[in-house]
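Going by the order they are written in, the chains are A, B, C and D; count residues from 1 in each one.
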Amino acid sequence: KDSGGTSNNAGSSGTAASGCKLADKPPAAAASSSTAGDGTKVDGSALKVGLAYDIGGRGDASFNDSAAAGLDKAKTDLGLKADAVKELTAAPNEAEDAKQTRLRQLATEGYNPIVAVGFAYAESLKVVAPQFPDVKFAIVDGAVDGATNVTPLVFAEEQGSFLVGVIAAYQSKACHVGFVGGVDIPLIQKFEAGYAQGAKAAAPDIKLEKKYLTPAGDFTGFQDPAKGQVVGQGQVEAGADVLYQAAGASGKGVFAAAKAGNAKAIGVDSDQYNQPTVAESKDVIVSSMLKRVDVAVFDFVKAVAKNDLASLPKVFDLKVDGVGYATSGGKIDADLAAVLEGYKAQIIAGKITVSDKPSS
Amino acid sequence: MTALAEAPLTVVPPQRKRKIPGWALGMIGVAGAIALLSTTSYLTGVPQLTSTGTIQTAVRLALPILLAGLGGLWAERAGVVNIGLEGMMIMGTWGAAWAGYQWGPWAALIAAAVFGALGGLLHAIATVTFGVNHIVSGVAINLLGAGLTKYLSTLLFFPISHNPRESPAVPKFDTYSAGGLSDWLGSLEADQRVGISDVAGILRGLVTGVSPLTMLAVVFVVGSYLVLWRTRFGLRLRSCGENPTAAESLGVNVYLYKYAAVVMSGALAGVGGAALVLNPGNPGYLEGQTNGRGFIGLAAMIFGNWRPGGLLGGAALFGYADGLQLRSGGKTFLALIYGAVLLLAVLVVWQLVRRRWFAAATGIVAAGLLYGVYYSVDEVPSELTAYAPHLVTLVVLAVASQRLRMPAADGVVYRRG
Amino acid sequence: MGKLRGNLLPPALAILFSALLCGIALVVSGANPLRAFGAMVSQVGEGTTAVDIVNSTGVYYIAALAVAIGFQMNLFNIGVEGQYRVAAVVAAVFGGSVALPPGIHALAIILVAAVTGALWAAIPAILKVTRGVNEVISTIMMNGLALGLAAYLIRADVFGELRGNNIRTPEIPSSGWVPGIPLGSSGTVFGLVFLAAALGIGYWVMMNRTRFGFELRASGESSTAAAAGGVSAKKMILVAMLLSGAIAGLVSMPEILGRDHTYNLNFPAGIGFSGIAVALLGRNHPGGIALGALLWAFLDKSGLALDNVGVSREIVTIMQGAIVLSVVVAYEVVRRYELAAEQRRVGRQLGTVEPVGGAA
Amino acid sequence: MSSSTSADLPAAIGDPEGPPAVVLSGITKRFPGVVANSDVHLSVRVGEVHALCGENGAGKSTLMKILYGMQQPDEGTIDVAGERVHFRTPADAIKVGIGMVHQHFMLADNLTVQENVVLGAEALHGIGGKARKRILELAGRTGLSVDPGVLVERLGVADRQRVEILKVLYRGAKVIILDEPTAVLVPQEVDELFATLRGMQEQGFTFLFISHKLDEVRAIADSVTVIRRGTTVGTADPKAVSSRQLAEMMVGSELPSPETRESTVTDREVLRVEGLALVAQEGTRPVLDGIDLVVRSGEVVGIAGVEGNGQTELVETIMGMRRASAGHVVLVDAEGNAKDLVKLGTLARREAGIGYVPEDRHRQGLLLTQPLWANRILGYQTRRPTAKGAWLDIAGAKQDTQRIVEEFDVRTPGIDVAAAALSGGNQQKLVVGRELSGDPVLLIASHPTRGVDVGAQALIWDEIKRARAAGLAVLLISADLDELIGLSDTIKVMLRGRLVADADPNTVTPEDLGSAMTGAGSTSDAVAALDTPVDEEGER
C-alpha cells in the first residue's frame, strides 16, 4: 500500500533542495495603501441589479462565484434588496441568441445595472446594449467597442500572475516550476505570460513547464480533472515542484498531482486554500492569484448607485487591488511578503511592465 | 455416408491453421511494441516514451476506456450495439459520487454499477423488447443520461457542494505498489541502458501506485474472457450475437440473455464512470467529466476485434497516446511519428517477403511522407497533438478494419417467432 | 387517413408521455409542473424568443436534414458536429479574406462551406468504402479532429485575430452578409432560414421524385436488393455521405452570415447531436423534421424561462431525451401494428383468412 | 432425460405397442392475414417415418414449429407418448425428446461445431472435453468426419446438415422432425441420408419428414399426411399411392410439367462468357475458374450443381455484383452488337438487356416494405416506363405494375400494398413479371420457382417458355433437377467453381446428373465430361 504522497519524483535533478539562484530583490515598497474605502456611505437600495453568469454560475468556486460575492457585498454594504436582484446562468454550448435573450430579459424586466459575467457575452452585448441605451451594462473580462453604456470590467491577470510567479520561484527547491492552463485561449495565456515573467524576474535561470489541456474552442479543458492530474503529474516528474493552474475545474487534478508528488501548487481566481471542494489538497496550496471579480462587480454597482461610472478604473490591476495574491495557509513568510510587495510597488509604479502575451 | 465425406462438396475457404494460440500472439505483439518503443526512444532521445510515469498515466487514462469498452463488448457479443455507453458512463459517475460521498469508495463502485445498469436496462427495453434501432436508442440514452444527471445534481448536490454541476469530494481508494520490485525496477530504469531500462520503466509503471480499481479492471477483463468463452452462460450469450434464431430454436431464451448482456454492459460502463470519479485528481462528479470516453471505449472495442484481449490493447494504445501528448506534448509526438516510420519499414519488408508489391509500395510512400513530417517539423502544433488519440484510432482502424470480425447478428433487431 | 394517423400519433403520444414523466419529476422535486410549463409557453411571447425559435428551428432543420440523408440508407453520420464546425471556420476565413460583389460574396461563402463540409465527410466515407471502417466510430473520431483543426486555423498566427479575450476569424465584410427580416423589437429572422426551407423542399423532391432518392431509399431498406437492382452500394455511401456533409457544412451559415459575421470562440457546439435527435423525431421526413426542429427549438429557447420560476433548466434536457426515446419506441410499435394490419387486410381481400375447410 | 444414449429407448417414447409417439389434435394457428393451420389432426406411431406433404405455405413448417415449441397454437392439444404436454419454448419440447432440423440451417457460422452442438444442452456433458467425446461418438453415426473444433463456416452444406442432425441426437431426441432436409442435397446424398434414417429407425427413433419431392417421400416414409391450405386432407400409405396421386391430393388438380416441347434454339449467340474467374476475398483459391459458356437466342442453358459450388457466384459475377478477376462477359443485343460487359456495373448490364431473377426474392428481389409499384422501379430506375432521365415516372411505374399484376396473375388487392403483404408465390410472379418487362435479350433466372406453389410454378414456367420462343436467351440455375431437365436445352454441371460436364436434357436422369454434380464421374452417356478435369489439389 502506498503511504500517500511519498512517491519519488524521479525527474527532479540533482539541484533538489538547493532552490534557485535568486535575482536581486526589488527595493522594499513604501507602505502601500489601497485606494478603497473613501468613507462616504452609498445607498443602492433603489437599484435592481441583474447578473448573467457564464457557464457554471453561482457556486462554481471560480469567477462566477466571485461575481456573486461582489453582489452579496453590495447587498450588505449598499442596502441592495434581495428581491431586487436577479441572477441567470448560461448553459454549456448554448447558442448566441440564448445569451442575448438572457440579457434582454433582464433589461426588459427593469434590471439596471446588468452585469454580464464572462467574455462570452461580448458579442451579445454588442447587439443588446444599443437596444437599451438607458440601461447600464458591465461585462467582466471583455469589452464592447462603441457601446457607451457598457462598462468593461477587465483585469490585469498578468500582473497578479507575475507575483505568484515570484512566489513560485522562491518556493521552488528544484528551480523548476510548472503552469497548467485549461484551454489555450488569450485569457488564459495572460496568466501564463505574467507567471513566466514573474518567475524569470525572481530567478533568471528558472525552468518552466507549461501545458494547456485543450486547444481553443474545446472548452472541456476546464472540466476535466483527470487530464489536469495527468499533466500535473507529468510536470512534477519532469522536475517542476511548484505548479500554477489556471484550468477551472481541471485545476483540482493539478492540485492532486502536486500533493501526490510532494510539490506545491498555486491556485487561481479566488483564494483556493479556503475552498471546500479542494480541501483535500489544501496543504499544498501556497498561494492563489486573486482576480477580484467581486471587487469589480461591487465597485461597478456602487459607481452606478453614485452615478459616477467615470470613477471606475480602466483595468482592475494591482494598483486598485483588482488582482493580487492570497496568503491563507501561512506559506508566505515575511521575507517573501516583503519581496512581493517590492515587485508590486514596481509594477504599480510602472518600473516593470508585465506582458500579457506569452513570449513563445 | 463415408463416400461423401471424402468429396468436399462446396467451395470452402481453405482452413487456416492457427499454429500460434491467441495469447501467444498477444505476447508477441506486446514484445514487438516494447521493442519498437525502446528503439524509437533510443534513436530519438526521448526517454519519456517508456518512463514509469508515462505508463502509469497510460494505465490511469486507459482504465475508464477499458471498462466502457468491456461494456460494449458484452452488449455486442449478445448482438446489441451500445452507443449509449457514454450516457451510462455519465450515470455511473453520478451514482459513484452520490454513494461514494456518503458511504465510501466501495459503495461508490456498486452504485455506479447500479446506475449504469439502469441505463443498460433502458437500452434493453428499447432495443430488445421494442425492437428500436440500436444506434437510435443509444443516441437517446446519451441525451437522457446527461439530462438526468444534470437535473439530479442540481437537486441533490447543489445544497452540499453549492455548485449545481459538481458533487462534494468523494473519498478515494488507497493505491498499492509492489514495494521491493518497484524500487528495484526503478534503479534499473535509472541506469539508462537501452532496452533494459525501457522494459523496467514499463513494468514499474504497471506495478507502482496501482488502485484497487485497476486490479478490478484486470479481473474484469480476464473474467469477461472466461465467462464469455469458457462457460455455458457465455456460449449462450455469444450465440445470441451470432445467430439468435438458432439459439432460440435450441431453447435459449434470447431475450433474457440479451437483457442480461445489455444490463451488464451498462453496469461495466457505470464502473468506468466510477473510475473517473475515484481516480486521483477527480474530487467527485463533475458535469461533462466523461468527455466522450464512452465513444472511445467503443472504438477500442472495435479495434480489439470484439475480444477482451484486443480491447485491452486498444484501450492501452489510446491511454498511452493520450498520456504521452498530455505529459510531454509535440516533441514526443514527433518521436511517435518516427516510431510509426520504423513500424512501416518492418511492415514493408514483410510485404516484400510475401511479394505483395502494391501493399509494400503504399507502405514505402506512407513511411516517406511520415519521415518527411518528422524531418521538417520541430514540434507538432498542440492543437493537433491534443487529438492524437483520435487520429491514431482512425489510422489503426483504416489499416486493420478488414481483419475485424464482428458478431454476425450484431446490431440486428431480433424478434421471436 | 391511416397513414396520417401512423405518422402523427407516435410523436403526439411520445410528447405527452415525456411531459408526464417530467411533470412527475418536477412534482417529486417540489416544483409545480403546471407553472413550469406555463412559464415555457408564455416565454414564447417574450422579447425575441419567438424569432429565436424560428431562427434556431432553421439551424436544427439543416442539421437534421444532413443526418436524415444518411439515415435514409442506414448510414449514421454522427459527424455532422465536426463537419459544420470545420465548414464554419473555413467559410468564415474565406469570407473574411476575399472581396467580392454583394450577393456573390455570400453565395461563394455558402459554397465554400458546403464543399468543406463535404470534404470533411469524404474522409469517413472513403474509409468506409475502401477499408470498411464503421462510420459511427470514424465520424466520432473526426469530430475530435475537427475541434483541433478549427483551433489551429483560428490561431492568431494562422488565420485568426485577437479581439480582447476572444479569438475570431477576420470579420466578413457586409458584401458577404445575408440580410434578415427585421421585426423590430422582436428580433430579426435570419435570411437563410429560407435556405433551410428550400433545402427541405429539395430534400423531399430528391427523395420522392428522383432516381437518386429512390436508390438511396432502396439501399436503406435492403442493401442486397438494391445491389441486385443495380444500385452500387459503395457509390451510394460515398454520395450520401458527401451530400450529408455538404448540408452539414451549411448548418452555421444562417448565424455566421446573418448575425455573427465571424467564427469565434463562442461558436455553439452540439447542433450536430441535436440534429440526430430531430431527424429521429421527424422520422427522416422533411415535414416531420420541421415539426421536430420546431419542438426542439421551442424546448431550448423557452427553457430559459424556467430560471424565472425557480425550476432547474435541466428538466428540458431530460424531456428531450425522453421524447426521442419514446418517439422511436412509439413509431416501432405503430409500424408493427400497421404491417400486421396490412397483411390482415390483404388476407381478407384475397380470402385466405379462412382456409378452404377440410375438403379431402 | 439426462445423458440417455440414443441406444436406449427413452422413458417417454418407446414402446411400439404403446400410445402413439405424437398426437396433434385440433391445432389452429393464425397469423395476421392468414390462417396457417386450421384444425389439424396428426398421429405419429412410434418408430415410423411419417411424411408431411403439402404445397408451399400449406402450413407444414408452422405445424412442426408448434410441435417443437417455437410457436404456440391458438387452439388444439399436443400429446406425446400419451401424455398431454404444453410447450412454451423449444426447451420444453427437447425435454420430452423432440428434436427438429429446420428448413433453413440454424447454425452460427462463427462458432465451432462443438459450440453449435452443445448450445442449449450444456447441462448434459458441459461444454468441454466430455462434450467433445460425446460428439465424436455420435458423429460417426451421421457421417460427420470433421474436428468438433472447426468453425461451422468452414463446412459444406452436407456437413452442415449432419451437424444439424448431430445437434438433435446430442439432445437424446427420439422424435426427430426433418423439415425439407433434402432440399439442398443431391440424390446420392439423399440416399446416404435415408440409409442413416433407416438405421436409426431400427433403433427406435421416430421421424417426421417433410419434403416436396414425392418420390423421396414414397421411398422413405411409412405413412404420409397431406396438408392443404392449413388443414389435413388425409393420411395415406405411400406404398399404395403414386406420386401423381399424392400430388393431386396436395393441389386438388392436375399437375403441371416443366417439359418443353420443341427446340427453339437459334444459332445467334446472345451471351458469351470466356475464361471467367473470380477470386474470393481472402485466400487465393478461385471461386470461379475459367468458365466458358455460350447462351444462344431461344435457348435455355441450365446449370446444375450442388449448392455452394459457385453457381451463385457465377450469376452474381455475370450480373456485375461481384468483380471478375479475369475473363469476359460478352452480350450481343438485338441488333447484333457485341459488347464486353466485364468492366461495367450491375445497372449498366441490366440496361444492356439482362433481366435477373435473383435466388432469394426477399433479400435480393424486393423492397419488402415498399408498395408494389416501387418494386417495379427497382432495377429499372433509369428506363422507361418507370423513369425519365434522373426523374422517376411514378404514373408510368404504377401503370406498368398494374399490367404485370394482370398478365402474371399476381394475387393482390392493389398495387399500393407493401410487397411483404403478398405470399411468396405472388411475390415471385411479380419479380418474374418485372424482369421480363424490360425487353431483355437474356434472362438469368436463379431458382425461379424455389418455394413457390404449383400454380405459380406452372405460370412461371409458361412465361419462361413463351419468352424463349420469342427469342429470349435464358441462363437457368436450379436445384430442382426435374425443372432443370424439363426446361433446359443444354445442361452444364458445375463443380468447385468449374463447368465440368455437359448433359443432354433429353436423355439424362436426375441420378446421372447427381453423380456428375458430386464429382463421382459420369455414369451415363448422357453426361459428357468436359476436358477440364477436376483439380484434385483444390480439395484441401
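The working rule: a contact is a pair of C-beta atoms (placed from the backbone, for glycine too) under 8 Å apart; a residue touches a chain by one contact, two chains touch by 3 or more.
Every value quoted in this text rests on a predicted model; they were computed, and no experiment measured them.
Colleague: Applying the document's contact definition, name the chain pair with more C-beta pairs in contact, B-C or A-C.
Modeller: Counting C-beta pairs in contact, B-C comes out ahead.
Colleague: Roughly how far is chain B from chain C, going centre to centre by Cα mean, in whole Å?
Modeller: Here chain B and chain C have centroids separated by 30 Å.
Colleague: Let me have the rounded angstrom distance from the C-alpha centre of chain A over to the C-alpha centre of chain C, please.
Modeller: 39
Colleague: With chain centres taken as the means of their Cα atoms, state the distance from chain C to chain D in Å.
Modeller: Chain centroid spacing, chain C to chain D, equals 45 Å.
Colleague: On a C-alpha centroid basis, what's the spacing between chain A and chain D, in Å?
Modeller: For chain A versus chain D, the centre distance works out to 76 Å.
Colleague: Using the touch definition from the top, which residues of chain C touch two or more other chains?
Modeller: 147-148, 151-152, 155
Colleague: Which residues does chain B have that touch at least 2 chains other than itself?
Modeller: 164, 383, 386
Colleague: Provide the full list of chain pairs in touch.
Modeller: A-B, A-C, B-C, B-D, C-D
Colleague: Can you list the residues on chain A that touch chain C in the complex?
Modeller: 88-89, 91, 93-98, 100-102, 104-105, 108, 119-120, 122-123, 127, 131, 141-143, 154, 184-187, 214-218
Colleague: In their complex, what parts of chain C are in touch with chain B?
Modeller: 25, 29, 76, 127, 131-134, 136-138, 140-142, 144-145, 147-149, 151-152, 155, 273, 276-277, 280, 312, 314-322, 324-325, 328-329, 332-333, 336
Colleague: Once bound in the complex, which stretches of chain D touch chain B?
Modeller: By the definition above, chain D touches chain B via 68-71, 89-92, 94, 100, 102, 105-111, 115-116, 118-123, 126-127, 142-145, 150, 153-158, 162, 167, 188-189, 192-193, 195-196, 280, 282-283, 285, 287, 306-310, 313, 496-497, 518-520, 539-540.
Colleague: Where on chain C is chain D touching in the complex?
Modeller: Going through chain C, the ones touching chain D are 208-212, 214-215, 217-218, 221-222, 224-232, 339-350, 352-360.
Colleague: Please give the residue numbers of chain A that touch chain B in the complex, ascending.
Modeller: 1-2, 4, 7-8, 10-11, 56-61, 92, 184, 211-216, 218, 220, 223-234, 237-238, 249, 252-254, 256-257, 260, 276-280
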